[in-house]
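As written, the chain order gives the labels A, B, C and D, with residue 1 at the start of each chain.
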Amino acid sequence: VGSLDWNLLLYDFVSAPSDGQVHRIEGSILSRQTRFQKVDIYQSEGFGKILTLDNRVQSLERDEFVYHEAFIHPAMVHCREPKRVLVIGGGEGACLREVLRHSTVEQAVMVDIDGELVELCRKHLPTWHQGAFDSPRVKFLAQDAKDYVQECRERFDVVIVDLSEPTPGTPAYFLFTVEFYQLLARVLQDGAVVTFQSDAPALHAPAIWSITVNTIRQVFPYTRPYVCTVPGFGSEWGFTLASFSPLQEMDAAQVDDVLAQRTAADKLRFYDGATHERLFRLPKYMRQWLADETRSFTLDNPPLDKLL
Amino acid sequence: VGSLDWNLLLYDFVSAPSDGQVHRIEGSILSRQTRFQKVDIYQSEGFGKILTLDNRVQSLERDEFVYHEAFIHPAMVHCREPKRVLVIGGGEGACLREVLRHSTVEQAVMVDIDGELVELCRKHLPTWHQGAFDSPRVKFLAQDAKDYVQECRERFDVVIVDLSEPTPGTPAYFLFTVEFYQLLARVLQDGAVVTFQSDAPALHAPAIWSITVNTIRQVFPYTRPYVCTVPGFGSEWGFTLASFSPLQEMDAAQVDDVLAQRTAADKLRFYDGATHERLFRLPKYMRQWLADETRSFTLDNPPLDKLL
Amino acid sequence: VGSLDWNLLLYDFVSAPSDGQVHRIEGSILSRQTRFQKVDIYQSEGFGKILTLDNRVQSLERDEFVYHEAFIHPAMVHCREPKRVLVIGGGEGACLREVLRHSTVEQAVMVDIDGELVELCRKHLPTWHQGAFDSPRVKFLAQDAKDYVQECRERFDVVIVDLSEPTPGTPAYFLFTVEFYQLLARVLQDGAVVTFQSDAPALHAPAIWSITVNTIRQVFPYTRPYVCTVPGFGSEWGFTLASFSPLQEMDAAQVDDVLAQRTAADKLRFYDGATHERLFRLPKYMRQWLADETRSFTLDNPPLDKLL
Amino acid sequence: VGSLDWNLLLYDFVSAPSDGQVHRIEGSILSRQTRFQKVDIYQSEGFGKILTLDNRVQSLERDEFVYHEAFIHPAMVHCREPKRVLVIGGGEGACLREVLRHSTVEQAVMVDIDGELVELCRKHLPTWHQGAFDSPRVKFLAQDAKDYVQECRERFDVVIVDLSEPTPGTPAYFLFTVEFYQLLARVLQDGAVVTFQSDAPALHAPAIWSITVNTIRQVFPYTRPYVCTVPGFGSEWGFTLASFSPLQEMDAAQVDDVLAQRTAADKLRFYDGATHERLFRLPKYMRQWLADETRSFTLDNPPLDKLL
């Protein structure tokens, strides 16, 4: 066709279809239907490789360090001595990568329902996992997280719940309800810290975020929601720390201290004490949303389309 | 990212960047850099597979029958007895497929510079070639068309020139000039008919089409431009018959008669006598453009960006 | 926001949401909600002004001559002596403009439900109407076409039905059914010719076109569907001539002859005898669709979303 | 055209053309060319009205409170007693609105080169200015900021520099250089605080932000850059406090205290002490960019396309 220019555009809306992000795509690296979902990896012009699952952007090569450092380290530093860590989901292996930076970690168990996805990520996303799957400290299980937690006889110091959106019909659907959060108690060591990705506190569609956080609050007596801007998502993104034991507020010096003791802190590009303080200070209107939120997701009232 | 809907969009502008076509893409089937060009095959929602070269749409599964029947049969039926046919370009194999429908054809030689592209099309675009490459009547050469024509000692009854856009830097650049058209005379049998894809006679940017046709007129004493609407391109598309012998106007009955003698005419979905009459009757304003056109492409004045 | 480039894009899909057209917009000229519909006029980069009704592209400055010449003149030349013409819809005034080119016309009555739309077009789209509304031969009535036809005591030689898409909820809904076409008989002079815009015979979604044509065939014993490519729509567009008297096939010479007698034929840019022959020769697959079509739109089975 | 759905899309890229934001537009409210720039106001589906200047998004109705509270209050609370405030640019009137919340303010002078823009904003953007232009404390001058500053005999406690992007050819071009910042010293009271919007610290294109901040550092001995996420921009946005006197770090309690004394703090939706602490704690990688930045914009080396 008579054209001098052309673009393959990846369009991903943020929280509501009225507004979204567009990324110019240079080409496709992979397109595969696994037993559980459609996996695509694209080469983008601005953000390197982009991984999508069922056509939704999951992470971008150039800024995944923001997402994964923001997600993992707050839970790790809030835990006095994280020896055993459970990662639920997190197929790219970047959660594992950040977990392993902590020298206290003796074992990290990762449970992702889609073993084929994990194989594809191991092969095609080396800058994400950076060899984490090969660590002797890592055990990977291709299993439904619900089954794993129900049958598990082990306990963990930190649990990381990195699941795709709770869209009806996707594997992660049940995993966003009060019932699953209650089940999680089975695998928690005393003083354990859990962290959840909690969707976007979008100004024009905040409901998923505030209900997700409130759902966590129904089960865990101590919670600390925090918010990080992920550049490639074009939006702020919520995470929530949760525990059955008190979660002490940590200042920059304390965080930097823990990082210095346990990790090669200079390897981190996003997270340190000052960044930690940024993450946990929410804008006033987000605090207000949480204060006002009374809804929660349960098996009888799961995350529905109309809420999204 | 929190989205329930999402689209990968293939954007291809028509003749000028101000206006274009968008196709929803379900996934990528192939993305490969050959020695000569970037080859992508996508699965689209509305038009099946789409082949792009260097990010420009070449053909779409659902409507390629329109393009290829419109392109091949007028030249074939204008030729009294097409025994030997040369196809320059046409990597998908669909030109060959249509050529082979004519029972008179003894040999069809296809010359495409990019042998790897042809291999990819053989593997991934079976509905295009429908086995044409395996016909004993077909000979394929992975060679520069210019070199082939310069060294060729054979002559042909019909020559089909199916080249990508004459964008500076692409293999097809030289092949849109007066000089190449003069060279073609070497391989033409007496009474031979040549057909060229001739770009889009776009209302808001008609120059490439009218100059391309006028370039052909500089070399061939007999020419018959015609125009077909290709649905997936969202525009009309030009083709041009050319010969050193008179090209007689054929009416519907004559065309249907030739088709009936030589082909299984009921297999054709787009082309027949009535369609033929449609193709060769141009809208008044296009005839006016051709009447007014005095420019042509030569080695000293090749198809430049500014003309496109 | 930190940007050097930017685009306002008008997206309009063709027949099905999988594929569409994009036009770069330089600015908005008008945005108004009338009693009946949302009216917008944009300045586009490639096609001049664009009129949309309820966010659907109706016509484009640069190519409306194609649409309106293709629509009006076949009906006019098929009518032996068109003295009285009725235009239903056609708010831009370009149908009137083409009707008035025929010197036989004594009166043209235009009935459009939306008087405010017509006022806006008179003011903002001068290149469309070119003063047609001011002609002493023209009478404009802001009235529902159904009411007008039901109460009308006049009869017409040519009737032009230029209505928006039959989307549920829009004014044109009833006007696409067998029942309305039957009602039209009331206002037809002996030998009258009616012409309908009949939607797009889109390769990937042909149903609206073929059912619309078949609906007309249920009422009128003589019909002649034809197809024109409208560049700004990025697709072919259907029109249908219909009559209770035989519609004789006309060749190029006959058409040119009628135009020469009645009009300043050199003012036409798209239509003449050769173009006429193009329009009425449909591609083979479109003829096949019509041959196979048995459905029609009635009050009990109106044009529904699921058909579109 | 045969469509059931349709979108007018406003595309605005963030920092580099590879990635951008798309907003669905319901209609245009205004499109006007003033003496200085093209002004458009759109009605969007997700963010209410959107103001663009020369086709670049300036602010969005639904989230402008984030931008303007983040921009104005840090400078105001860092100033011991802001009596006289100068706003350069800020045509929407929302900067004034936030300035006037501080009871210490006796006079706010706003200088915007484009008086016609300000008139349009007064008329069409009432939720932005909320009557600020009518306050007896406000004086508006339609004047080039450079001329105003050069000739000014008054001095100010706070100066707010709210300018469009420094694109070559736009009014704001000179106003992003070392030379203009030096000129500003003329109008500063002892202890005055200046605040600048400083563009986006975009992960894939951080240069404008880091050079802008560094340019400010060339002139002012005390600077405090901070970063706010603006949802409608789909990105983080930089602001910079600057002074010739020390800028003391303020904690949440101090900020809340000042707000309580001077403003009806409960009217603020985004800004308070906790939000303040978030704003001034930059992510680690942004701090690194600033530490590494050595370039600056001067008249001899102005913000060029290649940097953007």
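The working rule: a contact is a pair of C-beta atoms (placed from the backbone, for glycine too) under 8 Å apart; a residue touches a chain by one contact, two chains touch by 3 or more.
Because the structure is predicted, anything quoted here is derived from the model rather than measured.
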Can you work out the whole-Å distance between the CA centroids of subunit A and subunit D? 33
Using mean C-alpha positions as chain centres, tell me how far subunit A is from subunit B in Å, no decimals. 50
Just the number, please: Cα centre separation of subunit A and subunit C in whole Å. 54
Overlap residues in subunit B, where contacts from two or more other chains coincide: 11, 14, 17, 20-21, 202, 235
Examine which chains touch each other and state the graph shape they make (line, ring, star, complete, other). ring
Please give all chain pairs that are in touch with each other. A-B, A-D, B-C, C-D
With touch defined as at the start, can you tell me which subunit C residues reach subunit B in the complex? 11, 14, 16-24, 44-47, 62-63, 66, 202-205, 229, 231-232, 234-236, 252, 268-272, 274-275, 277-278, 281-285, 287-288
Which residues of subunit C touch subunit D in the complex? 1-15, 17, 20-21, 25, 27-29, 31, 38, 40, 42, 52, 55-58, 165, 167, 199-200, 202, 208, 233, 235, 305, 308
